[in-house]
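The structures come next, written out as structure tokens.
The following pair of complexes shares a single chain, chain A, combined with chain B in the former and chain C in the latter.
Moving on to the complex of A and B:
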């Protein structure tokens, strides 16, 4: 059995040496809390100077935490609205959506930037898009809890628009040529704003009637009707059962 | 009778040669050698084996699991177990469960304002965390949810892996998986308090949300306090506290909904 131990140790050390490659990412996580806060606030302020390249911090801690925050907000929104995902899990869907957006759109924009000759590296693109998700987090956090459609549209335009403008301005400052600037910035703006719209409408189905029984009569009534009939009957059964149990 | 003595000699002999690096798990592996070396001829000198009979006790000492500096062969003979193997350590010590340390760590978690001692997390102790996970699952059962043990273990496992990766990236000195799992498991205790309060009153609504936020803050403050003191990452406590808060927020989501 000592041989088995040796073999096992060798395999484990091989796996660990693979894992040791994680050290490449080490310099991107070397941040102070003050820096993170400053960058978060800056991500909502569009820069005015687009004539010389704007500095982008190549840091991955802030973007990673923002993506995880977005996952948490999505999960919370799905749970408060009793969204049922038919194929898959809530957690998997939330993680897949957020990480898919961050990594996928960053790669796509990096590819476009390569085509349009923009001065930006992959880490910088990841960082820029990650910090751009701060606006999404704020909007969704507010509108998943306060359910007014007009409020959402205002937040979408103002908050989403500000963070998109910041990203666009930074990209414009790093690209030459009008057509290239238009392609890059148009794509990024469209994708970013549409993602916020998608997140709001796809993950927060509001079911009329259930909210009234759970949270009392102080919530404003809604015009939207439930799409899934089994969900409604299931939830109605559950609520009546809970109400009966409470009165016992 | 002579066969029995032969086995005895082989027993001690194999112990000293092969188990030098095994430390406290040598008792279990001795059984294997006992079986495999049954047919060896008695080439070893008998008095050599007798002289070596003290060595198995020290190589069987359990310094790996419990930090008890004064434990040695002399204290073992004082334990006096009547059934045959005098040198067998007590079960709890052999398993590495030290109630005093568990209690100390629990007190550290329960009082987030008390500065943590960095050395208490040197030993990987998963007993306390396991107890707290089971307690969380049990209180969730009491609240009336579906059986959620799988979710608790799954979220714990993935959360430990993610925190381990993040801490290794952010700190100069690395951490082991066991240390991260141990700390995160201990700081789950306030979450058990939250789910027990869910038995008494429903957590949906403003008071429930506020209580959940308070408990999440408590858990993440304790965890980040222990991590920063163990890894000497002063000034970055908030940066560690935030991912911990996200992880415990998931547990709170499980408890509330």
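Moving on to the complex of A and C:
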């Protein structure tokens, strides 16, 4: 019986080393804590020199940790906003959203960069976008706890804008040609800022607004209730609804 | 060989002794003997090993018992009990009974696998299952916290109960993180400990968050 165990163990370890060779990823995790901290802070500082290709560290530890942190923050946001997700789980949705954004948008941008002849590799793109999520993490961490819309918009513009500017500047420094630069940077900026907007509004605290009483029995079948009325237009909606109700 | 010319064996010394080496009562006999022993003995031996590891987690010292004889019974028991206790705590219990158990299960095992891979990629010297074993056993303080939270919630769900629950979960979260760091951080190069500790912190933070936001229906 011990011989069978030995043979089985040898076969299993051979299969394991063949299919699960994580040593391929090992060089991308070769970082020091000071480096990670420096890169986190750098991701918020746009570079000035765009005529010289900027160096991007091809490292995956920081981006991976940032994606997981974003998942944790999203979970917190979903719980505090009492989001009810029927066809799935909270954790599944959070992980799917964050990883889907990181991997999907990176692949898409890498494809666009290939079309626009930009000098960037896939790992560098993953790293760049991953570190750009640092701004998202900060913004969402603050605004999921302090629910002021004007605060969110300020954070969205300032923090989101800074990290977008940094990514855009790095990309611009690695691309030639005005049209190509415009395409690449426009797409990246739009996707990055829109993702932050989506994360905030999709999981925001449900405001018991006038829309609920208006719709009443005609509740739409989708289950994730996430509606939000900006403070400014709340008063307008209130008066309008009162006027309509009076005339009915 | 000139030096050996004058050595000569006396012809009349008898060669005597036993030519067979007595086979000790170990190896083949012992393998069979653990199969023949009563089931109670096997179970008690495994239970004692699991219990010893629980004690090691509750009083984390620099011992290698958790690492040397790793086993996954303890983590499985803890995971299942935590998932059972966390079940049925959503707004719509008729829909979410199933996925919540699976959710907790998957989070714990997936999280443990990710942390293990991360520590291996950062150059850790610990093996895959040893790390899984340590992370699973260090969920014990959080399971205790869940038990305490459920008992406190039986008494009521006001502000005082929330404060008690928050303090208990916070203490147990710190204990879990410290316990697992004590075991896992030694296997890393000294200047990279922070890189390994952060995912562990995040992992236990997510579990603590699930425990704290649990409201029974």
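Assorted remarks:
The definition used in the following text is that the second predicted complex is superposed on the first by the 190 of 248 C-alpha atoms of A that agree within 3 Å, B and C clash if a C-alpha of one lies under 4 Å from a C-alpha of the other, contacts with A are read in each partner's own complex, and residues count from 1 in each chain.
To be clear about the criterion, a residue touches a chain if its C-beta (ideal position, glycine included) is under 8 Å from a C-beta of that chain, and two chains touch if they have at least 3 such contacts.
Just so you know, these numbers come straight off a predicted model, no measurement behind them.
Applying the stated clash criterion after superposition on chain A shows that chain B and chain C collide.
Look at A:31: by the touch rule set out above, it reaches both chain B and chain C.
Of the two partner chains placed around the shared chain by superposition, chain C is the only one that A:92 touches, whereas chain B remains out of contact.
Using the contact criterion defined above for the overlaid structures, shared-chain residue A:100 touches neither chain B nor chain C, since it reaches no partner. Taking chain B and chain C in turn and counting the residues of chain A each one touches, the greater count comes from C.
In the superposed pair of complexes, A:79 makes contact with chain B and with chain C alike. Of the two partner chains placed by the overlay, neither chain B nor chain C lies in contact with A:186. In the superposition on chain A, A:65 contacts both chain B and chain C.
Once the two complexes are overlaid on chain A, the chain A residues touched by chain B in the first and by chain C in the second are 1-2, 22, 25-26, 29-33, 36, 61, 65, 68-69, 72, 75-76, 79. If you check the complex, the residues on chain B that touch chain A are 18, 29, 32, 165-166, 168-170, 204-205, 235-236, 238-239, 242-243, 246, 249-250, 253, 257.
Chain A contributes residues 1-2, 22, 25-26, 29-33, 36, 61, 65, 68-69, 72, 75-76, 79-80, 214-215 to its touches with chain B in the complex. Contacts from chain A toward chain C in the complex involve residues 1-2, 22, 25-26, 28-33, 36, 61, 64-65, 68-69, 72, 75-76, 79, 82, 84, 86, 88-92. Within the complex, the chain C residues that touch chain A are 31, 90-92, 95, 99-100, 102-103, 106-107, 114, 117-118, 120-123, 191-192, 194-195, 198-199, 202, 205-206, 209, 213.
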